[in-house]
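Here chain A shows up in two complexes: once beside chain B, once beside chain C.
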Partner chain A sequence: MASPLTARIAEQHASVARTLAARLPGAARRRLAMETLARTGLPGSRDENWKYANLRPLERASFTPAALTPPAAGADAAVAAALPPRLADFMRYVFVDGVFAPLLSDAPGTGAARVTSLAARGDAADAGPAVPAPRHEPGADQRFALLNEAFATDGAAIEVTAAPEAARLELLFVASAEAQLGASYPRVELKLGPAGRLVLVERHLSAAGAASFVTSAVSAELARGAALDHYRVQELSSRAIAFDTLAATLAQEASYRLHAVGSGAAACRSTLGVRLAGEHARVALAVAALGDRTQVQDAYALIEHLAPHTRTAQTFRGISAARARVAFNGKIVVARDAHGSDSRQSLRGLLAGPEAEIDVRPQLEIYTDDVRCSHGATAGKLDDNMLFYLLSRGLERDSALRALKWAFLEDVIATIEVPELRRQVEERLAGAMQDGAALREELI
Partner chain B sequence: MTRAATPMLAIRDLVVTVDGKQILNGLTLEVAAGEVHAIMGPNGSGKSTLAHVLAGRPGYEVTAGSVSYQGRDLLALAPEERARAGVFLGFQYPVEIPGVNNVYLLKAALNAVRKARGLPEVDAFDFLGLVREKMQVMQIDESFLSRGVNEGFSGGEKKRNEILQMLVLEPRLAVLDETDSGLDIDALKIVAAGVNSLRSPERSCLVVTHYQRLLEYVVPDVVHVLVRGRIARSGDRTLAIELERRGYDWVSGEAA
Partner chain C sequence: MSEGAKQLESLIGRGYAQGFVTEIDSDTVAPGLDEDVVRLISRKKREPAFLTEWRLKALRHWLTMKEPHWAHVRFPPIDYQAISYYSAPRSRKDGPKSLAEVDPKLLETYEKLGVPLHERARLAGVAVDAVFDSVSVATTFKERLAAAGVVFLPFSEAVRTHPELIEQYLGSVVPYTDNFFATLNSAVFSDGSFVYVPQGVRCPMELSTYFRINALNTGQFERTLIIADAGSHVSYLEGCSAPQRDENQLHAAVVELIALDDAHIKYSTVQNWYPGDAQGVGGIYNFVTKRGECRGRNAHISWTQVETGSAITWKYPSCVLRGAGSRGEFYSVATVNNHQQADTGTKMIHIGRDTRSTIISKGISAGHGQNTYRGLVKMLPSAHGARNFTQCDSLLMGGQCGAHTFPYVEAKNPTATVEHEASTSKISDDQLFYCLARGICAEDAVNLIVSGFCKSVFKELPMEFAVEAQKLLAVSLEGAVG
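And then the complex of A and B:
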């Protein structure tokens, strides 16, 4: 029997289905997603992999897409003000509450990367479900991706073919609507053809500090020899609630590098699933999360080694201050056929406040003998020896603590190879550590 | 020097416990400005404890006695205040801090010290010039600047980096805790040259060492032998040579 929450979602879906159909192809897909979701329901806090997420806001949330209601007065100016400086050599595409904003975006690309708004894609897209049927084990939880699929009003479809230079795209998702008026459903469907190369920046921002409800979904298919460098930056307002689901499948010799930095939102949950389906496919996941005040930053990452000689490197660095909770659950499964695979996990949490909470959990499931796996997980306070060393050189206690926190995130931040993006991320983090830009300048 | 001159460092009847165990048992020591004193002693005699107490390391409890630095109560100051007042500890085991680079630490430390002396922040250009000059003395490659503090440095490189920091900060009282341990003869000479370059009538140095080898290059004015947490014997540099010949048992036996 469906829970009251699921019933409410179904009801709201029914009331907007017709409007959605008029705007976006894929009615059959949406219906199927809603039917599946009605069966499974959304995750609850009793689900083992969801106990650290903050699911309570769902009880009050409106699931109706914000894009279907007229924007508030002054929304355009607020959105424009929220946009960060442009990155050189990147094509920019902006989505407001999940809907493509052509006036703020570059023209659809003509090079190796073809970017299409889902709404403009036409009926050809209505072939079948994009999201695989949900599975609880194995496979990462897809239930919020189903929610996205059922309600998404637009999104980006990206196809990349092989080219001498990697394509460079920046997708900005701006949440501007208040949660009681409607939800935002950012959506990306990414396909890298054989040997296709893409540097993708995916950034989530808020306009005018809106308390938005954001449910995003990204799917990525990497064909043989494709390479994706994916930067995800979550900088939503401290009143926003966000759930995101990422599902990536890698064919033979494909390479996926994900760099995720989350410092925004009142509560954010990321569910990442990567399937290494082809021989010699490899993934490097570098995730940093910063929690302050009463923020919740929760992430779950499942990496499945399904083919021989596949590789994983997973790095997590989380800092929890004040009364925040920062959690990372990294699970790696090595299937029977995945001999010669190699996985490394380094998960570290830093407690920066007496009431802060850190939960880091590495999990390994190995079904073959011929495999190399290493993992380390620590949660602790700043190193007293390091602190004393800096103090003994005359640094103020506050500066020393900030320098050490900064250093703690370095393993992830240093993987950002787009200099301007790195600078912008560092500025944001320095601000989040309550030190303004001065710290960044001091340190770099 | 007049009798009225305030000593750089005056330690009186200092008693220190670590983890409930008494390590220093009424240590008394006075270092005048411009002097270099060596503290020698067998393992476990309290040499490193003394160095750490002077720098203010947490976990070292002073249960009796006093330490006065240029007439001020040193024990009342936090570690960072001691550093800014001109006390420098060269660590026996310099700490690796990946992610905080050397140049940041040098600049932040120098500016902290300058601020305490009423000087403006160092100009970026002057700073680099100063650091380059000192790096030459210590024969440290410039690429070290952008690396994490002591990250992946060899034992000798870490010790040279300690002395580099000291040269940049120009402390009034340098406490060098077994800076010679683990150094080959070439590195030892470089470190000694660094220390000697800072010798002046306004500065003092407390050299903690197990062997007299370093003292051949950094010639001390006074040598003290620490046994079971107190000074068992003091003398001029010949004491170090005699110790080397006769071994610590000679003094330990006397002190028993």
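And then the complex of A and C:
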């Protein structure tokens, strides 16, 4: 039985299906995604893994894509102004409301990494699914990825082959349309061949403070021995609504490091799913989230150990100020065959406002005995002793508090190995902490 | 596989020591549940009108509810209309006036179980309100307790002697709308214990109830209500065992604790219901709602449980910390072997300022057992300066079992602190080797390591319980390492 929301999505999809088909290959996949979605519906707040997310904006959202064609020359002045300074040695590709903007981007690379616009790929891509078939088990919730698949108007297809130097790419997704005019569907399909190496910066930002509705989907396949360093920065405007889904599968000895820093959007929900499918595959997840005012920052990370000797390290640091809610749900599953697996989870939340909320759920589901798994989770305020130490050394209360919060986030920020990116992220966070008056107050 | 472990294999097959059935006539209501059955139960127990009405409200609500399936356990569908909701030993009809009048067969059963009734009760210093199926048949030490002013009665009797207390407190911690199984219990609860400890009284002895499921197809729906008035102290012991049987039996109990200003309630459980055989056939479904409320300032509620039995355990003894400065504790050892499944943990709801809670949970999985810790620590905006510390460790024995940890931390007060840590691992080969090298046999070595793992919980148990618990643990894990 379809809910009113699902019915509305189906209706809006039907109205644009023809336009999408004319522009983008993969009509069969879109239809399948839509059918599955009609059956499962979008998650609701009664779903155990969605209880901390803010799903209310969906009720009034418009799902039709905001943009079908690349922005015309000159129309992108506002977008160009929103772009951060370039990172040295990185190829840059810009997408506006989910559609590739060639005028703002570098030419498609000729080296180890090949970047193609999905729309420009032609019918050849229709031959087989570019992403693994979406999975619908309760654990790995792909429903927003299906929404993306059904409505996406463009996206980046990236293929990386082995090379002496790791390829470096920066993908910028700019949301410029107001939500009532349509949604934006950023999409990345990433394939790393055997021993392929890539440093990927994925950044989501808003042009001119637009209140956009963004649903992004990233899929990554790492072949044997591949290594992906993935930096994810979410800096959307404080009025935007964002849902993202990431699905990664790692083959033998592949290594995936994800560094995610989220400080934007009125309501953001990240759903991350990593499958360690090959022996000795390893993943390191470092997530930082900053919530202020009435923001809701929610993240769910499911890591499945499916092969022996796989490893996980998961770090979460969240600061919730004013009336914000910051939530992190990290689930680790160790399958029966995954003996010799090792997983570490450290989830910490800092409450920095009188009505702030922190929700952390470190979960372990283990089906074999030859494992080492541990997790730690805390929620609370800054340590009084540390604060006293700094005050006794003559620091102003404000700067002492800031220093401590800085140190709190350091576990995640320090993992950013691209110096300019790290500086940009730090500046943004420092700004957020300084003008977010709420972050200063109420810390005893 | 070591030689010692092979020897242990033979021990797995050992039957359930407490598995025997006493044949006595039961006055059993035909299977099925509707308003007439509820009215009948209420009438048989000669309950006041408010209670009948309360049961009926619960039943009507229950009919609108769906069986919950969020727990990490699997079981075939339960036909609630195939269960008989009332069973009383025949001898109850004539109303035994003293132990001498009690059915000798019953006493024999208690004897086998080691219930300290009669002379043994005096020696053990324990007052026993033994629940045989659904109706309490004997209560001892009434005089000593009465002298202290402590009310310790079978629930059905308390309904007649203290209706005002029942009306005031029943359902005030676990309302009849609470959850599927608690609502079912509210409609059809059979009997249980009622304790009221008056202001400033320290209960002169540990109170104890032995539960025992006996008649075939009779779900047991215990209802326990303990009220500790201001400044009082009470320690309550609950122990279970059940006869061997192939039919799954449903057990949906509700326990409500209320602690007023400065009162202290300590509730200890050793649960050893029939777990089913090695193939997972039979066994008790233990779906229990236990909750205590620290209603007064500096009240203190402490739950200690050792869960070794039941085919399925679904149980979350919780504390609502309402009074300022009140304290909640949860100490748990849960063991699963063969095909047992356990989904157990606690909830600590911090409402008052400066409330504190401690959670220590030790899960042991062996065979094909699935053991889940599920816990919630919630700091409400009013819980200034509240603190929680949680530690939950899991021990895995064998490659077919599972250990799962699902904690929830929800903090809404910036001055509150929540700390949670957990680890999962198997018995270390080094530890085992160390013991073996010193001539300790594999079985003893495992017991030694396991009891070390559980030590922080066992030390919270009253002494006689601690001994029993340790023994139970050793029996339920026999042959688990190999």
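Note that the second predicted complex is superposed on the first by the 414 of 444 C-alpha atoms of A that agree within 3 Å, B and C clash if a C-alpha of one lies under 4 Å from a C-alpha of the other, contacts with A are read in each partner's own complex, and residues count from 1 in each chain.
In this text, a residue touches a chain if its C-beta (ideal position, glycine included) is under 8 Å from a C-beta of that chain, and two chains touch if they have at least 3 such contacts.
All values reported here derive from a predicted model rather than from experimental measurement.
Just to be sure I read the superposition right, which of the two partners does A:Asp411 touch: chain B = first, chain C = second, or both, or neither?
first
Which holds for A:Gln363: it touches chain B only (first), chain C only (second), both, or neither?
second
Return first, second, both or neither, reflecting whether A:Glu59 touches chain B, chain C, both chains, or no partner chain.
neither
If we overlay the two complexes on their shared chain A, which of chain B and chain C does A:Arg393 touch? Say first, second, both or neither.
Touch partner of A:Arg393: chain B, not chain C.
Could you tell me if A:His375 is touching chain B, chain C, both of them or neither one (first, second, both, neither)?
second
I want to verify the contact counts: of chain B and chain C, which reaches more residues of chain A?
Counting contacted residues of chain A, the larger count belongs to C.
Could you pull out which residues of chain A sit against chain B in one structure and against chain C in the other?
Common to the two interfaces on chain A: residues 442-443.
Could you pull out which chain B residues touch chain A in their complex?
These residues of chain B touch chain A: 55-58, 78-80, 82-84, 88-89, 91, 94-95, 97-101, 104-105, 107-109, 112-113, 116, 148-149, 165, 169.
What residues on chain A touch chain C, complex-wise?
48, 336, 339, 349, 351-381, 442-444
Given the complex with chain B, which residues does chain A contribute to the contact?
383-386, 388-397, 399-400, 403-404, 406-411, 442-443
Give the list of chain C residues in touch with chain A in this complex.
70, 72, 379, 381, 394, 396-426
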